[in-house]
Amino acid sequence: MKFVTEIGYSSPKKTIVRGHDIQDLVKNNTFTEGIFLTWQGRLPNEKERKMLDAILVSCMEHGPNAPTILSSRIVASAGNSLNASVAAGVLSVGEHHGGAIEQCAKLFQEQINQTGKQIVKEFEEKKKRIPGYGHKIYTTDPRTVQLLEIAQKLGFFGKFVKLSLEIEKELETLKGKKLCLNVDGCIAALMSELGFSWQYGKGFFIISRTTGIIAHAVEETVKEKPFRRLDESEVEYIGKK
Amino acid sequence: MKFVTEIGYSSPKKTIVRGHDIQDLVKNNTFTEGIFLTWQGRLPNEKERKMLDAILVSCMEHGPNAPTILSSRIVASAGNSLNASVAAGVLSVGEHHGGAIEQCAKLFQEQINQTGKQIVKEFEEKKKRIPGYGHKIYTTDPRTVQLLEIAQKLGFFGKFVKLSLEIEKELETLKGKKLCLNVDGCIAALMSELGFSWQYGKGFFIISRTTGIIAHAVEETVKEKPFRRLDESEVEYIGKK
Amino acid sequence: MKFVTEIGYSSPKKTIVRGHDIQDLVKNNTFTEGIFLTWQGRLPNEKERKMLDAILVSCMEHGPNAPTILSSRIVASAGNSLNASVAAGVLSVGEHHGGAIEQCAKLFQEQINQTGKQIVKEFEEKKKRIPGYGHKIYTTDPRTVQLLEIAQKLGFFGKFVKLSLEIEKELETLKGKKLCLNVDGCIAALMSELGFSWQYGKGFFIISRTTGIIAHAVEETVKEKPFRRLDESEVEYIGKK
Amino acid sequence: MKFVTEIGYSSPKKTIVRGHDIQDLVKNNTFTEGIFLTWQGRLPNEKERKMLDAILVSCMEHGPNAPTILSSRIVASAGNSLNASVAAGVLSVGEHHGGAIEQCAKLFQEQINQTGKQIVKEFEEKKKRIPGYGHKIYTTDPRTVQLLEIAQKLGFFGKFVKLSLEIEKELETLKGKKLCLNVDGCIAALMSELGFSWQYGKGFFIISRTTGIIAHAVEETVKEKPFRRLDESEVEYIGKK
């Protein structure tokens, strides 16, 4: 097997990441700058760093209810190592949980030369939902509001954010009710402003949420007895008797 | 099932992490500060934040050779989603790859009241290797040297670092050759100085290396054809004919 | 959370799988019969059992070259438990490695009322490859030949197998060279004959290959030293210097 | 990288498993015989095959309550492929869920030359629990009773089974109440009778339970809406306000 890479390499003498000696990065850079560099090939300026920090903080922990935390705690409860528990948590990031970031960023980046009207019409004709819009509870997603405020202040209210809001407006016109740009769609627009390719979409959610996954897996291991089971009342068998 | 947690919770009204509203954290804090808070229950001061950033940057990417990257690229090459590929990478963090941080931090934290001499003697009697010491290539691990320099400047040259160096000295006296405090052992000492419990040991390596894992999984998916196989010359069958 | 299921349940008094007491199954049935029952809701007759056994044996082990075994051995080599190593192996079953069974079975089951000609034409117009056809090395896949021989003897040469061969013939007419029904496509046709829904497609490969994954993970753990790395000659860095 | 193996290899001409051409195995052998061969290096006789079938059927499916099924259904519910969902299920096989088979088989195989009395005494002195004994609900595990009945009929009531029952008796004498040989301990004794090395312990549970894991992951994907979350009433936050 042969691996060809633009990302980095390591030899006994030194480790290089995107052209930078890792020793220099350790001395001079934050973890967020390191993520930006590794994924995009250049270090961010101060505004880009702040925007990425806001995105990464926004998804890092939302309590044990979500699939990412649940699956991780269940695997930890069966007596597994931290890495196995974290892997189970990361596996829960799927099409329906964080996956909209990827699909929505793909849409924004591939169709940036179209208008919001054209995009909404195209999805309407295919009878498909546009990823990154709508929320079970919110008519306005407060996390979107906040991230966009920060984006405006830092100067990231560019063509991708504008397209994302145009689509939101067109959807409202078409449907007669608001289908808000949710936090997944907002991150999709902002990562595009920052220059990341859409294939990294789930990556922001994964590395951010790994924070909470690790904390919950450790808590389960240290504080709880083995192992998690559903109560009998939580299962209903409707098969052959 | 019932989950009791001290880490965080989310309701339609707000999301709380360790007593902080996540909206405030998004506005005011970096990702590294968010990790520190989620794992330890309080925000770091500036020096603690810098020390944690140095640790997290030091492991984030070391080229495709290591198990974490290899397994992730292989799973990506078979046509899997980013989360499945990252999970495979995280699974490669095992007892022999990053696991020494956990075991070494456990040792430092549980035996902080003993001298380096006592600890070395105890392991010698049990004929066991002390985790976090020795390196295939280095007699002095340059990453340790650098992290300790930063630790000294920031004021984290406390009892755990001192114990870690005492053990290194005692090992040299006993063995007649240097068995250096390696980067795993050094991180174990520094995370202890920062107040993290040893169960988080693998966590620093996992979240840091997820940076490189994601970059390599994306590169494999975008740039390479399916799928990775060993060449015939890389396999030798020595079983029954 | 509430789980509603037709598959099975367990109480302190007894465990029921698809209407059967597991104690009866243990006494009277083989593992292959158990798999058939759990996935399809009824026990197989002797011919169905034999056909399923042939499918399951055909994929169980093909040496260390393939992604399933490679990723598992790499994770094992880093010092992980058997379940973590097996999980990494299972993760390697992706769209390009075993995934064609699912896609091809979906095609056969959803378009069983069309002719091979119509299906080939449809894919040709969409400029898409039909999953389950073609092989890097073989012009005739010997595994397909063998499974079809067994199918004929046992009486499973029904409408799905006929459609699969019709497509093969049409492809040859269209392309002017043979694009053989490969082992994935053949299993897709046979599982359809046996009455399994296409969503189980990857399942046959997963449970079958788990045999080899477990053997290789144990071998790696018992016989090899930690841990697997690429040699320097296997990596080429083409990024920024 | 170079992989040396006794298990099998594949070339364009043929695939060999433990010295057998896989084409012959497909024609002549059951899946259970294939598992026996791959893990142990020889084909089983009819009695050994029946004993292994009984073991594999006994663990294949126990309803959605257990960690293996729960974690798999949660990952499936987030919109993941079958292989990712199965991997999460396999990850749930841990020290506290199936892991006792491995530890108990290790004990039986390494201490087969000791008496039950010596072993019980040794664990008592170390204040450790013997893996494979005791059950939350049962004073006699009905699955053990049944597997031992089959073992007796087939002629596998050998030295490992005898040691396992001797330990059960000694434990009762010592504790004054029965701590039954549970199904994990029973499988540990029987796999030892069949000649499998203890490192395969978790393997029997993993491959067997993969049956139920696959069925539940498919059911979740086909029948349920995305995605599984805990209800608010299932979470209690006891951290900082």
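Per-chain residue numbering starts at 1, and chain names A, B, C and D are given in the order in which the chains are listed.
To be clear about the criterion, a contact is a pair of C-beta atoms (placed from the backbone, for glycine too) under 8 Å apart; a residue touches a chain by one contact, two chains touch by 3 or more.
Since the model is a prediction, treat every value here as computed from it, not as a measurement.
Visitor: When you check each chain against chain A and chain B, which touch both of them?
Guide: Output, common partners of chain A and chain B: C, D.
Visitor: Work out the mean Cα position per chain and let me know which chain is farthest from chain C.
Guide: Most distant chain from chain C: B.
Visitor: With centres defined as the mean C-alpha position, give me the chain B-chain D separation in Å.
Guide: 31
Visitor: Whole-Å distance, chain A centre to chain D centre, using C-alpha means?
Guide: 37
Visitor: With chain centres defined as C-alpha means, what is the inter-centre distance between chain C and chain D in Å?
Guide: Whole-Å distance between the two chain centres: 22.
Visitor: Could you pull out the residues of chain D that touch at least 2 other chains?
Guide: Within chain D, residues 1, 3-9, 63-66, 80-81, 83-84, 87-88, 91-94, 99, 228-232, 234-235, 237 contact more than one other chain.
Visitor: In their complex, what parts of chain B are in touch with chain D?
Guide: Listed in rising order, the residues of chain B that touch chain D are 1-9, 11, 16, 18-19, 41, 80-81, 83-84, 87, 230, 232, 234-241.
Visitor: Spell out the residues on chain A that touch chain B in their complex, using ranges where they run on.
Guide: Against chain B, the touching part of chain A is residues 1, 3-10, 12, 15, 17, 22-23, 25-27, 29-32, 34-35, 38-39, 52-54, 56-58, 60-66, 73, 81-84, 86-88, 90-94, 98-99, 102, 137-138, 142-143, 146-147, 150, 197, 199-203, 206-208, 210-212, 214-216, 218-219, 221-223, 228-231, 234.
Visitor: Across the complex, what residues on chain B touch chain C?
Guide: 1, 63-67, 70-71, 74-75, 77-80, 84-85, 87-88, 91-97, 99, 226-232, 234-235, 237
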